[in-house]
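Each structure below appears as structure tokens.
Paired with chain B in one complex and with chain C in the other, chain A is shared by the two complexes that follow.
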Partner chain A sequence: MSSSGSKSFSAALKPGLRRAMEALAKQFRGRITRVDAPRPDEVYLDADPVMAGALCSTLYKKHGARLAGVFAEDARTSERAFLVYQIYALDAVGGFVVVRLALPPEDPALASLTSAVPAVNWQEREIQDWFGIRLLGHSNPRRCAMHDDWPPVHPMRKDFDLRATLPPFRGERHKFREVEGEGVFQVPVGPVHAGIIEPGHFLFSVAGEPVLYLQLRLFYVHKGTEKLFESLLIPHGVRLAESISGDSGFAHATAFCHAVERAAGVEIPARARALRTICLELERLYNHVADIGAICTDVAFVTANMHAMRLKERVLRTNEHLTGNRLLRGMACLGGVRFDFDAGRIGALSGLLDELGNEFNDLVEIIRSHSGTRDRLETTGVLSPKVARDLGIVGVAGRASGIDRDMRRDFPHDFYDEVQFTVPVFSEGDVQRRLAVRREEVYQAISIIRQTLNKLPDGPLRTEVREVPPDRVALGFVEGWRGEIFHWVHTAPGNRLARCKVKDPSLQNWPALSEAILGNIIPDFPVVNKSFNLSYSGTDR
Partner chain B sequence: MNIDITSLIAQTALVLLLSPLLSGLIASLKAKLQNRRGPRVWQPFFDLIKFFRKDMVISEHASGVFAAVPHVVFATALMAGLMVPLAWVPAPLQLFGGALALVGLLALGRFFLALGGLDPGSAFGGMGSSREMTISAIAEPAMMLAIFTAAIAGGSTNLSQIVMAGDGHAGRFLEPAHTLAFSAMFIVLLAETGRVPVDNPATHLELTMIHEAMILEYSGRYLAMLEWAASMKQLVLFGLLANLFFPFGLAPGMLPAAVAQGMGWLAIKLVGLAVAVVLVEFTNAKLRLFRVPDLLGAAFVLATLALVSLFLFR
Partner chain C sequence: MFDILRKSLRTGVVTTRYPAASPEGTCHARGRPEIDWANWKDARTAAAVCPTGAISHVEAGGCRVARLDLAKCVFCGLCADVDDAIRMSTGWEYAVRRRDALAWGARYRLNGDGTHGGLVDGPMTPGVAREGDAAPGASDSIEALGEAIRRRTREIFGRSLHIREVDAGSCNGCEIEIVGLNSPVYDVERFGIRFVASPRHADMLLVTGPVTRNMELALKKTYEATPEPRLVVAVGACGCSGGIFGVNYATRGPVDAVIPVDVYIPGCPPSPNALLHGILKAIGHDISGQIR
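Now for the complex of A and B:
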């Protein structure tokens, strides 16, 4: 479906996306060297790297696009270039424009977009660390994804061996910015924490109790996951995707499957789409219920948490009954799902929904009627809509700060275009609203599962995905419980991947914490942090 | 000051053994209310034994103060425990000033505890010490006023005298001064024992801690002493509340039968207060840190009103 000119676009292209592409082609005549539309909602543009800034500004201003992801690929052997991809999501028309920029193999460099789009700050630094592509004009070009104690290697380049052992740490450790002033103290927290959570370092600069500045340092558990995908056969990648972030196992695996299925051009049977939707909503249910309880624990209202834990446990046990695993592991597979729901399982699921509907109401009422908890949650940790937009905040945190986006509605995947649901949005952006978004989404999830069960189609459980042809690219996406998850694949010969890019919503949302905590006192940090509940593992990969 | 040796030994044993049990009882009751099985009531004893057996890890930045703190805190808490009549009157230790000395002893313990938090130079300890001092600056006056209300009613600042004077005057329970002073003292009790809504003894979140933050750097034997001292302080405050405001059932001397009866009454009063504290913890969230002074301010106002009404309704 490739067309090298700018006149004719595939008729299959979504109408809104086609109009946007025609306008772009007209404006950047000659600067866009190639247009490729492999799927109705996914267009690739090859552009001159010097035009990246202008393209970005046009896409933002004229087409309401947002830069949802930036990543690189080492294509020095096949195309004698480093490729940088910029994924623009056009939420209003339900399509993606991927801008592909080719950089020379020697001393690759690209103008940074961070000053215009602060949302890509960490992603650009990740490219810089992993590929050695310099981002010119970046406002904070220090190391991010690889700590300062790494030797000067670029592990995502193809000539870096996955099994290479590196010399032990030498040189200086990371220097945090210093905050000075009378009565200003630094409070370092982490990287090892008291709870059973993963490592992350938080450096607070405080004057008494109020927080003046918060610096985050993550990537302590970087596992080279994206590199690892390149060493696996594609079907094995599903299991790896499942383990990227433990609480979003099914969502990540499904996003990976979406990408591969789109690359292979495979249609998924209706029953599999419905079962995937049910599992995605079950994952949302148990995480949201647990988070609501955990937020209450952090203000020492343990009573509510004990009820929430009980409900979560009930969902987990139903998960095990349905799929054989409490966290839905092993359920996802290429071309569909692994296990069917028989009448008994469907009965158990309906039973859970009935019970949960009532009991969750009780929990909501316990929290709502508790003035002490409300006092702690309202006006705490405010993330203003403007800051949220600038940082490109996604998912639950975004919807609590007035960002009305949800992949399930804007880019309906799986069974979501066949069920009715609303997307809760609040503009206050405090802890209370992040809890409220979760509360409403629990009700919506129960309703979505009910509707799906009522419409549950018969038919096969999966389409067989044979060897995926090489040199295909595809974007897979899922609205996980935390927010949008992207997996982008570039296939290689032998049913392998040349590159798999994973983007967890946590990577996008972590910087919001530094903004939301400003003006709050330090003992309120745990509850603000919990209200975002971001994944370390999903960020570090 | 003549010390009754039997009474001294008996009360020392009582304070040492009863205080962990009271902590265990509160933890266990709380768990039951939250639908959890919870720890056994004597779990704190096992914890203490475990801590005593463990090695200590001491920060290289710590000075001699760090090592002195557990001993001072433990000694002051135990001495305070000997001054409060628990199951029998008079209490074995009657220092000058009675109630004043008790408040002073508790303040001394707290001062050293705060020093212990600051000494190793860790950020959490400093935060805990600073918060503890902020809170005690308001809790202490409220506590003194509440005790003074009882002292004026009893005609003495000697705690045993107050209790003995109050015994047998059942009508006093309905006097406004009595009720107000009790309410003030109850709020102080919540603050001083680090309970929700002031502090959360069960949290693992260092940033929100007050008392736990100060003792974060302690381990092994020192930690055991500090935990034990905290339990004893809790018993002191519970005993104070129980016997100043419900002064009946105490044994008048060391006769075995009377002491047994006194112990029975003490147990009933402590369980009653523990249930009240647990209910407060169960139904409340923690206050924002800057709201805590409001709560303690309320305790102070209640105590002042108690004192004033004592003269108005005489």
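Now for the complex of A and C:
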């Protein structure tokens, strides 16, 4: 499986990825100690940690790559090292290069990439908090994933017990950055918010009405999820994945299944791929419709939201008809899906699409005809394409700020290479465009489901996934409704996982909120926040 | 403006008639697992596939005590897939006032191969005898006093209830369904129920979990900020029992590990109808089975 040097890459490797690998191997001769290509679109490079910065720069500048994820693993027992993984997505060639850096077990440290790639700011701090790996030269090395009152533990280390009891939270005195000046005052909000939403703390610094600076304090709902995966049998992990972010349960479970299936080398039956695609689009539908309504509520146009909530309920009831659960829970399983769509269910789904097509048109027209709504949404909460690129913003928020990326098109998974769809992209980056991306994606989702139903293949619902062999690594990915979701697994003996890394798009996108709100007034914060609608639980895990 | 009015008029009333009549379209819902206790041949198969430990068993003295804890159940139906003695119901009225009323158990004699030889006793739930409103014991007992206060609470809140929702660690699944209560389809305001922005305005806390270590203090402070008399309803498998997360370094487990709970609504997540059933139960309107 492994090879070194530049000549013998797996012939199955995607051509574009192979060319990139050959160029890298030539440039970094001797500094890349091992190359693994377990799959045509996934290559692992073991590199000398001192070369990480140069590799990053080359990948970005010469190969159009972007750093889509950074995480660590405690491999002190098996490899006498802490491992840091950097996932580079080569969107143009549809492949991933994963750089693997081995750090010494005592006092591990690595040069931070945050100043070159601001997109990894939070992820590097998370590694620092959870593994005790120092990220040298980080511009803001304060704690991020663990609050300041946490004792000096590193919960993701293997010698830390999942069931350990930590002393109770006493209330932290987090050192926020100070914003001073005449007439500047601070408005703290949360963690318990006014609406029916998740907990987090926001500190606004304002002078008069406009916001000068917004600091976010998240990780209030950290539940030890990644550590918990290591204690579960792999099939039970599917149910845990459903509970990472409630509104993306099916997408997370599917990303997890993809990772395990790729590790096991299992092919998924065509019918299962089609049904997964339908469920992913149903999840997109109910969330997008709900968000469009909620954005209207936040500018006091409640009538539109009432219609949106009615339509969302219609989708949820169809979900229940199709899968037994309104949020599609229980549908995902390793190797395929659990429930088939018989003629009655397909009829119900077609009925939903017909009705929703018309009703959604009406909703769009109501919003369009209401000039007051448009006044509030246009030029509000602007995230410029430049800032979006620097922060590595993904998904809906990225596409509203000129980032033309969609895993469904660039890395087609499940049934997406067998249907036609367009990816809406706008460059203005305001609330109106984030609404517009959702609006267009609702139409695309309806079309994708229709096309899938027209081509629905016959055949089995799932391939049996037996015990997954140990010591395999694989990356699973899905374009959820919010953006790209990654699950990365490293299998262990006994059908368990040595490590499961979960990356929700929210983790990537939260810093965008602090940028988009600058210069806006606090009363517009709810609508700006809602236009991103990021998951706290998906971020905090 | 007139288009908006016309659309509303054309849409008409969309509010569900539940609890006055059967809710629409719930015959496809996957509710709780129902176990044919008398004919349950082997609890081990179902326990092995249960992701949350809702189905569990303990062996002692040639017998096995098999349990189903609805508080932990995520209604996934994996147990029913592998065990003929279990089928998934389509119900939703599962809210109870006592945590232990959600746990059922039965004792079986064991055969040599570990299968069940026969039912020794059960099925039973330790909470079922005490579930309901009847106050146990003498009238001057603390329990009776507590019950009188609770009854008075329900009288006070009977016609107007203000709810503060607290996410103390949930995945946001429960919140999606709680938000649904405000939709025109469920419209909780028809019961005089409103969601409010501050615990100081609230009569009831609707709490989702598992309570994380980082939210424990915020939950306690929210509880203390809520004027008495106050009710607490724990929502979802995680709120009732800690769910698939349980207790770990980052979570404290169920809501009742941190503040006292009046009603438990199991489910993952409980549907708006299930939430409505539990909320009304907490204020003394038991609508269970009214529509059959």
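Structural remarks
The criterion applied here is as follows: the second predicted complex is superposed on the first by the 535 of 541 C-alpha atoms of A that agree within 3 Å, B and C clash if a C-alpha of one lies under 4 Å from a C-alpha of the other, contacts with A are read in each partner's own complex, and residues count from 1 in each chain.
Going forward, a residue touches a chain if its C-beta (ideal position, glycine included) is under 8 Å from a C-beta of that chain, and two chains touch if they have at least 3 such contacts.
Model, not experiment: these values are computed from the prediction.
With chain A as the common reference, chain B sits beside chain C without any clash. Chain A is touched at more residues by one of its partners, and among chain B and chain C that partner is C.
Vectors from the Cα centre of chain A to those of chain B and chain C enclose 60° in the overlay, to the nearest 10. Contacts of A:Pro199 after superposition on the shared chain: chain C is touched, whereas chain B is not.
In the superposition on chain A, A:Phe185 makes contact with chain B only, while chain C stays out of contact range. By the touch criterion defined above, A:Ile521 lies against chain B but remains apart from chain C after alignment on the C-alpha atoms of chain A. Look at A:Arg310: by the touch rule set out above, it reaches both chain B and chain C.
Within the superposed three-chain model, A:Gly372 lies in touch with chain B and out of touch with chain C [touch as defined at top].
Once chain A of one complex is fitted onto chain A of the other, the partner contacts of A:Arg329 are limited to chain C, with no touch recorded for chain B. Once chain A of one complex is fitted onto chain A of the other, the partner contacts of A:Ser537 are limited to chain C, with no touch recorded for chain B. Closest CA pair between chain B and chain C after superposition: 5 Å apart. Chain A residues in contact with chain B (one complex) as well as with chain C (other complex) are 194-195, 303, 306, 310, 370. Interface of chain C with chain A (complex): residues 3-4, 7-8, 11, 14, 24-26, 28-30, 49, 51-52, 74-78, 81, 88, 165-180, 182-185, 195, 197-199, 210, 212-218, 222, 238, 243-245, 247-251, 268-269, 271.
The part of chain B that touches chain A in the complex is made up of residues 33-36, 123-124, 126-127, 130, 196-197, 200, 202-208, 282-291. On the side of chain A, the complex with chain B involves touching residues 185-189, 194-195, 208-209, 296, 298-303, 306, 310, 370, 372-373, 375-376, 521-526.
Interface of chain A with chain C (complex): residues 147, 153, 155, 160-166, 168-171, 191-192, 194-199, 219-225, 227-228, 232, 235-236, 238-240, 243-247, 249, 290, 303, 306-307, 309-310, 312-313, 316-317, 320-322, 324-327, 329-330, 338, 362, 365-366, 369-370, 535-537.
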